[in-house]
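Two complexes come next, and they have one chain in common, chain A, joined by chain B in the first and chain C in the second.
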Partner chain A sequence: MMRRPWNQCAILIALVVLVVVPWFLDDYTISVFNTAGTYAIVAVGLSLFCGRLRQYPLGHAGFFAIGAFTAALLATRLDWPIWLDLPAAGLAATLAGVALGLPTLRLGGPYLAIATLGFGLLVQDILNKADWAGGRTGVSLTPIWPDRGFYWLILALLVAGAFVVHNLRHGSFGRALLAARENEAAAQASGIDVARYRVAAFAVSTAFAGVAGALFAHWSGFVSSSSFGLPLSITFVAMVVVGGVDHTPGVIVGAGFLTALQQVLEQQPHLADALYAAIIIAVLLLGQTALARRLLALFRRIPPFAVGQSHG
Partner chain B sequence: MDKLLSVQGVSLFFGGLCALDGVSVDVQAGAISGLIGPNGAGKTSLLNCISRLYRPQQGEIWFAGANLLLHPPHALIGLGLARTFQHTELFGTMSVLDNVLVGLHGAGRPPTMAEALGLPSARRGAREQCGRALETLDIVGLGHAAHDPVASLPLGLQKRAGLARALAGRPRLVLLDEPAAGLNSSEKQEFTALLRRLRAEIDLSIMLVEHDMDMVMTLCDHVTVLDFGRRIAEGPPAAIQQHPDVIAAYLGVD
Partner chain C sequence: MTTLAHLMISGLVNGSLYVLLTLGLVLVYQVSGVINFAQGALAAAGAYLTWHLSSNVGLSFWLAAALALAIMFVAGLLLQVLLLKPLRKAPVALSLIVTLSLVSIIEDAIGQNWGFGSVLFVTPISGAPFRVGGVLVSRIDALTIAVAVVLTAAFFGAVRWTPAGMMLRAVAQSTSGAQLVGIRVGRVVLVAWGLSTALAAVAGILIAGQSFIITPSMADLYLLSAFAGAVIGGMDSLAGAALSALLIGVVQNLVAFYVSNLWHDAIVFLLLLAVLLLRPAGLFGHAVQRRV
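Right, the complex of A and B next:
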């Protein structure tokens, strides 16, 4: 695939800005960035599955919660350091993802969404009732770094995750997923173990959600089942869809945009929900393509500086 | 010559309907073998049994020493068995090249972990696969269209793209489901010449299901005739044309 040089340039500039920017921000803004970053990690992982298979699971808050609680419990009860916590959380969420994916990924259409939605609610309910996981009060951790320290860790993992997803999406892995979606029999005849690829893509998305959950637990210093409900699962899918299911940088922009929107609308949660629904419906009606890219295309139609417009 | 494919007494039922009734067919290594019969005779059903889309209730299918019924459909290309589809079943949103690259999936794909991390070995592997896919496209005469969207090609070239996808994994035997369907007569002749050339150049064995008698009679070394799920005749094309049961099956004589 040919890539336009300005694409790479824009990504490089954005990266430099993101690395430097925390020095100029107050603590509140950094915490918003951290929220956006952790959510973006989930959205990026999910976009590989959604983008290539065009299926939308609605239970990733459950995997996020599994990661968050795994990290929180390991850190508080067993004093595990963060560099062991994060992979352990990712592993726990991946195992849960494979266990859920094996029976449910045969389901097409809305049924996968329904099954995963049920899983998300189940995880929340179990954590809510489990005394060993803090029950209704949740678990508090002592953050090991200031928010700014976590900012760079989250950014580093987000960039690494986006790199991995980009490689998989545009390599033989992504091609195999696309083939499986377009024509299962022909994909099988070409040597693709369709069921295994579906589960693998789902497992990648749950691994990302688990690690992101662990990051969330560590920098926010508090996890509670009440914050990992269905609205969060819908938020993750909304971030993927708004950003453009097949476009990794777009998904990150989508995550940032929706987190910022959430902060602005924090006083009116119902309005925020209604707005989400409207955004998802609008994006789906626009043909499942990137809202961001549509806006960009619109932008491009405006002649730059209107120089040399002698005809028209 | 050795038997490459051996179908032994295969029966297939859909509920109470008997689609195949104890059918046996052999394909010799290096041969072009035809499978013909009137509509509904069970030709495509047999092809689907061999490519493991259907599971026959009785019988055995052996390919190059392997019991095919013990292998899942995605493992067949690894054994050296590929197929095309009657309606091409190409991946419509992909380019011609990407379709062929999917066909290369089982052959020398870089490990997923190396691919995820963007390691040099994965990049090299991807380049090599690209080179092999382009070679395969050149073999079927589609090298010039590699980067075109596959859906933009006329049917005749789509059939070639489907063939290239099947050939990409370097199979020993390829099953062709009605390769001539929908082609005009000059396209049919070109396709016939291409299949002959493939047998000679890349040592390919072919089994084709086909309605076009010209193609079957000029191309095949050996023909098997099915009617109502049974094998009613087999032999060289000249003998088949004279076979009374075959004439009866096609012309409806009792």
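Right, the complex of A and C next:
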């Protein structure tokens, strides 16, 4: 990091702007920022796993839902304060993540993708049928702060999360994951417990998803099973991929971009999903063209936008 | 006893539908490494096309179905050329995101064209049910099983004994190896996509015939079971995947009846996890290379 003073400078400026900006925004825009922020927390957590292992789980909406419902039920039924139910939500999602990760992470790409996809669908299926949890009808929470208050909490957690992921990625943990990806046998031979590292990285990503889900429940004031479907899982992975899997600020920008896109498309309720999907495909396809590669290479020279590139 | 027999039959019917979807999935996966999550949406597209051509355009049902299959075959070729071929050198995750995104695009396109609600799907298949050893089997059920059996047999025969099938197996084993001996890999992948979407359309038409009404998301739940079949059987074994898909149909029905209907879909996922835990290569697959 010290080698790149520009990087730090740009991030610092962005942070100051983000801290100050809610005073100048209306409630709607702040709610968009809150959505983007909660999604960005999931995407940042996911980027550690995806970036270092090049595997892409497709069920993180399930962990997001587990976090959201844990927090909502604890807050409404047991009157837990927010500083208790946030960690509880993270813990619940992590436990589910470890339970899912242990059998499935031993396997290569398609198996993990399918198993996590199935998990996401299963969570939604269970919530749909769980009347005791108010899955389908939904649970309403009384917001404890105005949207602006949550804005700063989300921002603080996002920054803290990005910091944690950045350090994990570039520390010995991230290097171990990288080694596991590049040559599993060699990594194993040099004493890296590959399976454990892989599960740990997955657990981190699910913890982030759980906490983000809890934040979502609190600031939006309403959770129901229908908001946590497969499209959300795809969105999380798309945020990571569009932003550049290995680059934390890039992932946050990706999350912001896709959330903004969704908001714009909401104006066309019937076409929103299809247009959104079409734009994601277009972005991915355009990214493969020679022109885009050249642009990206150019971009990479400008410090804060080191898209899709690690600087570890 | 007749209850059990009935459950077995309807399980076999569902299983046959899963087999048709699974075959397409595994075929595309083996030659290109891409998982086609849009298989269910493509099945729905096939059903809607058949409905449109017979009810709105006025063709006879069978002609409409045949035309729909041909259109879906071409659609599969186009999907491969336009969307997936450009991504063949990119990380496979991008292809997965593309096929996943296709789900909402296809389902929305159907909804925009023909309505998001349900549509009545009329087939000319009517008449008294067959009686097989004391159990009544409706005609559409019999047709479903027959179509699945014939197509699966033809498919395996072709893969095993025809030159095209041999090329397909070669590409599945090693893309670069196949390329070295002069096989046009791109063409094989292309045909695999066409076949796979056509198979999806067959499944879609049969599902529609079963349920009489169709909706844009009609095949989504079927697809989950088909995926489970593919994984449980082992993604590298066509026969294993087909057999597992059939078994899933039966088990699902038995569980739904004897345990609880709530478990109809959940049991599939639990089975999937159990197999991944105990026998990660799948019941019929070869050992996965990565062992940790």
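We adopt the following convention: the second predicted complex is superposed on the first by the 262 of 312 C-alpha atoms of A that agree within 3 Å, B and C clash if a C-alpha of one lies under 4 Å from a C-alpha of the other, contacts with A are read in each partner's own complex, and residues count from 1 in each chain.
Quick note on the criterion: contacts are C-beta pairs under 8 Å (C-beta built on N, C-alpha and C of every residue); 3 or more make two chains touch, one makes a residue touch a chain.
Remember, it's a predicted structure, so these values are computed and weren't measured experimentally.
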{"item": "Which superposed partner A:33 touches (first chain B, second chain C, both, neither)", "value": "neither"}
{"item": "First, second, both or neither for A:219, with chain B first and chain C second", "value": "neither"}
{"item": "Partner chain(s) touched by A:228 [first = chain B, second = chain C, both, neither]", "value": "neither"}
{"item": "Partner chain(s) touched by A:151 [first = chain B, second = chain C, both, neither]", "value": "neither"}
{"item": "Greater residue coverage of chain A in the superposed arrangement, chain B or chain C", "value": "C"}
{"item": "First (chain B), second (chain C), both or neither touched by A:183", "value": "first"}
{"item": "Contacts of A:192 with chain B and chain C, given as first, second, both or neither", "value": "first"}
{"item": "Contact residues of chain A, present in both the chain B and the chain C interface", "value": "188, 194"}
{"item": "Chain B to chain A touching residues, read off their complex", "value": "51, 53, 72-78, 82-83, 85, 89-94, 98, 101-103, 105-107, 109-110, 112, 115-118, 122, 126, 129, 165-166, 169"}
{"item": "Chain C-facing residues of chain A, complex", "value": "50, 54, 56, 58, 100, 102-104, 106-111, 113-115, 117-119, 121-122, 125-126, 129, 184, 188, 194-195, 198, 230-231, 234, 237-238, 241, 270-271, 273-274, 276-278, 280-281, 284-285, 287-288"}
{"item": "Chain C to chain A touching residues, read off their complex", "value": "29, 33, 35, 37, 83, 86-87, 89-94, 96-98, 100-105, 108-109, 111-112, 224, 227-228, 230-231, 235, 262, 265-266, 268-269, 272-273, 276-277, 280, 288-292"}
{"item": "Touching residues on chain A, where the partner in the complex is chain B", "value": "163-164, 167-168, 171-173, 175-176, 178-179, 182-183, 185-194, 200"}
